[in-house]
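Note that subunit A is present in both complexes that follow, paired respectively with subunit B and with subunit C.
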Partner chain A sequence: MHILKYCFVSDAEISDGSKILFKSNDKDLKSFLKEFYKSEKLEYPKFYKMDAQCKLAFIAAEVLFRDVVREQYKNEEIAMIFANSESTLATDMSYWESTKDIASPALFVYTLPNILMGEIAIKNKIKGENYFFVSENFDAQLLHQQTEIVFQNTTTKLVVVGWVNYESETNYFAKLFLVSKSEIGLFPFTIDNINNLNK
Partner chain B sequence: MDSLIEELKIKLIEQLNLEDMEPDEIEADQALFGDGLGLDSIDALELIVLMERDYGIKITDPNKGREVFATLTSMAEYIKANS
Partner chain C sequence: MNKVFIAGSNIISSLGFTTTENFNNVLEGNSGLQYHSEDDIHPISYINRTFFKEHCLNHKVETKVSLFEKLCILSIKDAVSQTIIDLKEEDCLLIIATTKGNVGFLEKENKRTQDIHLWESANKIGKYFGVANRPVLISNACVSSILAQVTAVRLLKAKKYKHVIVCGADLISEFVLSGFNSFKAVSNNPCKPFDLNRDGLSLGEGAGTLVLTTDSTQAIFNGASCVAGASSNDANHISGPSRTGDGLANAITSTLNQAQMKPEFISAHGTATIYNDEMESKAINLAQLNDVPVNSLKGFFGHTLGAAGIIETIITLCAMNESKALETKGFVDYGVPEQINLVTRTENLNFNSFLKIASGFGGCNAAILYSKY
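What follows is the complex of A and B.
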């Protein structure tokens, strides 16, 4: 298993490991991601409807899939394995607030963490396996183990795997890897590299 | 009627997060769903909430909803007749 590409988003900065792709003075996540969305001329109006955690995952995935020859992989050969510690707590709270008046259907759909994989799947036409884990802390071993299982037991050739966690507009973190089953890539997909590759 | 349609355009953009759109870009007789504005099923639910919260109108019949939410003009007509 090898890492083809990776992406980090935190503190109003987007990097792909080798370089900082985008940096903003606006620390507020939604504003900063919108700034990036516009600067990249991305055209996906549904982006505006997503909650903050989905936007975070969506943008990180956009960076990962940039330059990837998507046609090399069938839709069913790409899997997603995500994890975080907050699940969708921030949106759960917003939804709870909305129920005091008339509950918001648009918020309700974001009260399950796997919705972010759905958004990425729709945009990138991914139809492979997908799992979302909630664990107390960043768990490289879990991500590595699950990726290995998916490669061993399915026809998956490519996995989008990582951590996407949103606590507040100034406290958020995404660390995503694009991992190939092949032995060619930037780095081997090891527990040490999952932990130690940082921006 | 025209002012109600203008009001609905602003509410639509705000409620449905159509951040890339300006009120002028939405035609009063443009289809809201399908090939028109491209709204989806969640948007339809949000429109039902909007009607109830902002105009005190409850829409419970799906067939009625289809008719009411066809265009901004049909929404405005229904609000005028029922509020």
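What follows is the complex of A and C.
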């Protein structure tokens, strides 16, 4: 297992590890991501309907899949293994607030943490295995173990491993790793390497 | 490859506090779906809170935990008590599956607290049992507790642990009920899976626990084993099932390819929403399983969300053990586009393997296969 690419988003900054790809002076997530969306001329109207956590995951995945020869992999050969600590608490609170007036189905659907994998799947045509875990902190061991058993048991060739956690407009993190089953890549996908990159 | 057996099980729902109580009620045709007061517009299957309190007193959960956590604790406690497994051992892992856990807390006070976090519930449940390994929590919409089983069987086959305890649980809350209502997905009547006049789901709550182990000496259900499972994504829509059923068919095919066998029975998701049941009939056909007897248990338990996959797995394990094909309660007239072999009344049927399937928001699908072979 090897890490082919990775992408981190936090504090109004998008990086691919080696270099900063985008930086904004606006620390608020929504405006920062909108700025990025416009500067990249992304055309995906569904983006505007997403909640903040999905937008965060979506943008990180856009950067992650950049320059990847997607055609090398069948839709069913790409899996997603994600985790966070908040589940969807921020949207849960917004949704519950909305019920005082009229419960909003558009908000309710975003009260499930796995929806962000659904959004990434739709955009990138990913039809393989998908699992969402909730843990107190970023847990490299859990993500590593899950990735390993998915490769062992299925026809998966590529796994998008991710930690996407939105707490507030100024406190958010996305860490995405594109992991290949092959022995070629940037680094071997090991718990130590994940933790080192995570520092 | 080592086999994964079942050492213990429990179901807590409106139909009882043990697997046997729940299964016997289903055999007798008793549904947990009820209107609970004159104000209720939807029948729901919820745990009678007074009985639940009495049950808790009898089984002593003195620790200060929420109702959701208590539900998990009692379910795990009963399932594990049937085994000689010690949760404190290093070779034991606990997996909790839920969609919304303690979300009902927001109804009292709409703010962020530590107690509302899903990982905090998992930690409290783990702490109660003194587990050696940090519990794993899966929250993946309505397929949560099938994914937990898939994860468990793979970890056991890879010899990462000797025993994995899987508990799936969810409670009915205003939060969840209002949400499904906003989607106009809830029926005003007890749900009618695969029926021509089906008009939505009925909500339910409960917990189910399976103790999975590689220790064959502890096997129950006549040595039935958990063979393999899989998940998939539709990559189509975040709140609507796929129009073709190809996503669920992919999860089924992947499971059958890993297991190298065809199931002799299917426990469908069968939520009784127009689109879910339609999609499932297509998926079953795409997977070329249209001749296999299939049922939905939603008419008994309602849709218990994160708990549905495991509760329905346990009931079907009992049915396989007793050679019974359980009826699809609520069904009257055939109403899905593709032909499937729907079980409409409970009858004797000998089957040696079954597939449990489900789909959920976010385009997720999952399947798991159990077999007597």
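FYI, the second predicted complex is superposed on the first by the 197 of 199 C-alpha atoms of A that agree within 3 Å, B and C clash if a C-alpha of one lies under 4 Å from a C-alpha of the other, contacts with A are read in each partner's own complex, and residues count from 1 in each chain.
As a convention for this text, a contact is a pair of C-beta atoms (placed from the backbone, for glycine too) under 8 Å apart; a residue touches a chain by one contact, two chains touch by 3 or more.
Note that the structure is predicted; figures quoted are calculated from it, not measured.
Peer 1: Quick one: classify A:Asn75 as touching subunit B (first), subunit C (second), both or neither.
Peer 2: In the superposition, A:Asn75 touches subunit C alone.
Peer 1: Touching A:Asp101 in the superposition: subunit B (first), subunit C (second), both, neither?
Peer 2: A:Asp101 sits against subunit B, while subunit C stays out of touch.
Peer 1: Return first, second, both or neither, reflecting whether A:Thr155 touches subunit B, subunit C, both chains, or no partner chain.
Peer 2: Only subunit C; A:Thr155 stays clear of subunit B.
Peer 1: Output check: A:Ser24 vs subunit B and subunit C. Expected answer is one of first, second, both, neither. What do you get?
Peer 2: Touch status of A:Ser24: no partner.
Peer 1: Could you figure out whether subunit B or subunit C reaches more residues of subunit A?
Peer 2: After superposing on chain A, more of subunit A is contacted by C.
Peer 1: Looking at A:Pro45, would you say it contacts subunit B, subunit C, both, or neither? Reply first, second, both or neither.
Peer 2: The first partner, subunit B, only.
Peer 1: Is A:Val109 in contact with subunit B, with subunit C, with both, or with neither (first, second, both, neither)?
Peer 2: Touch status of A:Val109: both partners.
Peer 1: Under the stated touch criterion, which partner chain does A:Ser15 make contact with: subunit B (first), subunit C (second), both, or neither?
Peer 2: In the superposed model, A:Ser15 contacts neither subunit B nor subunit C.
Peer 1: Considering only the touch criterion stated at the top, classify A:Thr91 as touching first (subunit B), second (subunit C), both, or neither.
Peer 2: A:Thr91: touches no partner chain.
Peer 1: Both subunit B and subunit C touch subunit A; at which residues?
Peer 2: The overlap between the subunit B and subunit C interfaces on subunit A comprises residues 102-105, 109.
Peer 1: Quick check on the complex: what are the subunit C residues that touch subunit A?
Peer 2: These residues of subunit C touch subunit A: 99-101, 103, 106-107, 110-112, 116-120, 122-123, 134, 136-141, 147, 151, 154-155, 157-158, 160, 174-175, 178-183, 228, 230-239, 247, 250, 254, 258, 360-364.
Peer 1: Show me the residue ranges of subunit A that touch subunit C in the complex, using the header's touch definition.
Peer 2: Of all residues in subunit A, those touching subunit C are 75-76, 80, 85-87, 89, 92-93, 95-97, 99, 102-105, 108-109, 111-115, 117-119, 121-122, 124-136, 142, 145-146, 148-150, 152-155.
Peer 1: Which stretch or stretches of subunit B touch subunit A in the complex?
Peer 2: The touching residues are 16-20, 38, 42-43, 45-46, 49, 52-53.
Peer 1: In the complex of these two chains, what residues of subunit A are touching subunit B?
Peer 2: Per the stated touch rule, the residues are 34, 45, 48-49, 101-106, 109.
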